[in-house]
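Alright, structures below, take your time with them.
One chain, chain A, links the two complexes that follow: it is found with chain B in the first and with chain C in the second.
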Partner chain A sequence: MRAGPRVAAAVLRKDLQLDLRSKDRVGHMAVFAALIVVVLSIALPSGHPAARAWIPPLIWVVFLLTSLLGLGRSFQAESEGGAVTTLVQAPCDRGWVFLGKAGANGLALLGVELWTAVLCAVLLDVRWGVALPEVLGVGLLGAIGLAAVGTLLSAMATSARFREFLLPVLLFPLVLPVLILGSRMTAEALAGAEIPGAWWGWLGLYDWVFLLIAYFVFDYVLED
Partner chain B sequence: MEERVIRWARPLGVLAALGLVVWLGMVIFVAPMERVQGVIQKILYVHVPCVLPAYLGFILAAIGGLGFLRTRGEQWDRLALSGAEVGMVFCTLILLTGPIWAKPAWGHWWVWDLRLTSTLVLWFIYVAYLFLRSFVIGSDTARTFASVYGIAGTAAIPFVYFAVDLARGSTLHPSNPAREGLPASMATTWIVGTGAFLLVFLYLVVRRLEVARLEAQALEAGAREFSA
Partner chain C sequence: MNAIELSGVEKRFGPVRALDGISATLPAGSIILLSGPNGAGKSTLLRVLAGLTRPTRGTLRVLGVDPFGHNGAAQRGRLGYLGQETGLYGELTLRENLEFCARLHDLGSERVENLIHELGLEPVSGRRVRTLSLGYLRRAGLARARLTDPPLMLLDEPWNGLDTEASQALTDWLHSHRGPGRSALIAAHTPSAASGLFDRELRLEHGRLLGGGR
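Then we have the complex of A and B:
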């Protein structure tokens, strides 16, 4: 295997092992997501038909808020352990380091999505069965987009003052398209309607554009 | 190159001032009083011409960012900063003048219309860009990160526009005021206003470039004095 993919796979494996062993990041995200879904379940008027229309966007807001917890800590281990230099010295284009990091974040976000979906099915009576392949596809594309933008911004916010404030300020305006498209597509899928091809195209294009941008500029971000 | 651009500040300032005088004269004396809305409609002669400079500011931030990442030349970063700061001023003007007109015209200060919402998101991207510059420790790092965010922010604009269109549907804004049966004097006033505001934008960008350059020179002189 060439050096680049090997480095990406090593970074991905390392981050996943860290998540599985310490369980800090994943555990905190799971508890946080559960808390918000419970709060929503209590706050939303029960049995009101209009409340059901609010569920898909609220699910995506839960997902976005929860992802902040995980993305914010994406580079914490390297930063605290002084291991950023090791990442910088990787014997390949640093874009591969980004792909490894974004891959680990994407998998963590997918895990959060599945967990949120289960919580919503149990507590809010959301019936995913009607459109499981579509919902999985939307979730996957949404997680890729969030992971791409979030990993890049997290690398920049790690070394900043007020980073807990800075990351959402940087992230939310840029991932607004994922939030809107994701919630609209989820709503269509849950209603049993066909999702327009253009919506898939825009979400896929968003992922592709931001993966490419992040891949090419990560070199500069990591260097500084 | 930067020095040559800065030399244009004074002529640009004179042209911008002349442009503003002509535009103001047209707003007061040439553009007719709208029959239904009355004098409040005149605020649109400020609102509409701000749009192009606001978007141009963002484009400059991205161009400056790309230039800085490629060459590491500080003049590119100064261009990006100047574009973003002046663009932010025009973007804020759009968001302030819009509601002042909308309240009497539409009955609401704010409606979640496609263009309003997209402009608000654009404003937040500008805010994030300026926050990033001020919160990141180390001036070289701040320049690099701001360049990256400027590029990513510009790339996000078409997606934001599509997504808001999807969420909010139709817009209350006219697609092209010049084609919708408006009197020629109104359309001409808008065109003159856009030209004048573009000159003001260019003047402010050049002046901001000059200030940024002087700041860099003062820092350099201070560092030399300290090491001596």
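Then we have the complex of A and C:
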């Protein structure tokens, strides 16, 4: 295997190994998502048509807040033992290191999305079966976008003094397109309507652009 | 052939000038002591040479390549860098850490096992790195730095935390590492464990090289 894909695969495998070993990051995200969905199930007026209209954007806000919790700790293992030097010395463009890290974050976010979807089905009576392939597609593209932007910003914020503050301040404006498109596409899918092709295109383009930007700037981000 | 060539290398951290116009040439096949008081810029110089920190100004070539240039990535496996931290993941075992590094550099698990044996790390190879004592941590970091059998070692205070036996073993290995095309630049405060090891000394003070580096 060529150096780049080999390094990305090794980083992805190592991050999954760390997540499965400590369970801190994924566990905290799962508990946090569950808490918000439980609060929403209590706060939203049941059976009211207006409440159902609010559910898709609220689900995406849950994804966003939960992903923030996980992304913020994405480089914690690297910063604790100076292990970032091991990644910086990988024998390939450092963009491949980014792809490995973003891949692991994307899988963690997908896991949280599936968990939140199950909670929403049980507690908020969301019927995903109406348009399962569309909803899965939107969830996948949304997770890729959040992982791409979040991994890059998390790496940038790791050595900052106010990283807990800095990450959301940088992340929220940049992922607004994911939030808006994801909410609207989910709403259309749950209403049984066809999602406009342009919306798929915009979400796909967003993912592609940020993956590309992050791949090329990661070299500088990883250096001191 | 020179292992390291530096010309007017400067590194600033805001208003602080950590390296101030360093120019030096270190021939291949030599073991050089990098000395100087705390804050002299030794660690920064090693990090610049390892490609971890981009210099603010100046040019450098390490093993004939600019580490920040187009071909810098391909030669990273030819540098063995050990900083003041181990560069290992605390939640992974020592063996898992070395296997991860081996995968990055496309090396087999035989190399990992050989190093574990050579550095006497068998008793702790299955333990999570965060549970290791300082001495074992330093040895584990050395194992990571030596994994690719690099022709150039960049070591920052490698004797710190090692007991007498491990210190002597490191010195012996550095002696055996010496050879045509194999070099080492070692920052150390008290290199008493390594008397007779160094071919030359470079002394840094306030980010400047004393006495010239050529």
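Here, the second predicted complex is superposed on the first by the 224 of 224 C-alpha atoms of A that agree within 3 Å, B and C clash if a C-alpha of one lies under 4 Å from a C-alpha of the other, contacts with A are read in each partner's own complex, and residues count from 1 in each chain.
Keep in mind that, in the parts below, contacts are C-beta pairs under 8 Å (C-beta built on N, C-alpha and C of every residue); 3 or more make two chains touch, one makes a residue touch a chain.
No experiment lies behind these values; they were computed from the predicted model shown.
**Q** I'd like to know which partner A:Phe210 touches here: chain B for first, chain C for second, both or neither.
**A** first
**Q** For A:Thr86, using the defined touch cut-off, is the partner it touches chain B, chain C, both, or neither? Pick first, second, both or neither.
**A** Once the two structures are laid over each other on A, A:Thr86 reaches chain C alone.
**Q** Looking at the overlay, what does A:Val169 touch: chain B (first), chain C (second), both, or neither?
**A** Touch partner of A:Val169: chain B, not chain C.
**Q** Go through the superposed model and pick first if A:Trp199 touches only chain B, second if only chain C, both, or neither.
**A** first
**Q** Examine A:Val61 and indicate which partner it touches, taking first as chain B and second as chain C; both and neither are also allowed.
**A** Touch status of A:Val61: no partner.
**Q** Which residues would you name on chain A as touching chain B in one complex and chain C in the other?
**A** 220, 223-224
**Q** Which bits of chain A are touching chain C when the two form their complex?
**A** Touch residues, chain A against chain C: 1, 3, 6-7, 9-11, 13-14, 17-18, 21-22, 77-78, 80-83, 85-86, 88-94, 220, 223-224.
**Q** Could you please specify the touching residues of chain A with respect to chain B in the complex?
**A** Those in contact with chain B are residues 149, 152-153, 156, 159-163, 166, 169-170, 172-174, 176-177, 179-181, 184, 199, 202, 205-206, 209-210, 213-214, 217, 220-221, 223-224.
**Q** Residues of chain C touching chain A in their complex?
**A** 47, 50-54, 73-77, 79, 81, 83-92, 96, 100-101, 103-106, 129-130, 144
**Q** What residues on chain B touch chain A, complex-wise?
**A** Against chain A, chain B makes touches at 69, 121, 124-125, 127-128, 131-132, 135-138, 140-141, 144-145, 147-149, 151-153, 155-156, 159-160, 162-164, 166-167.
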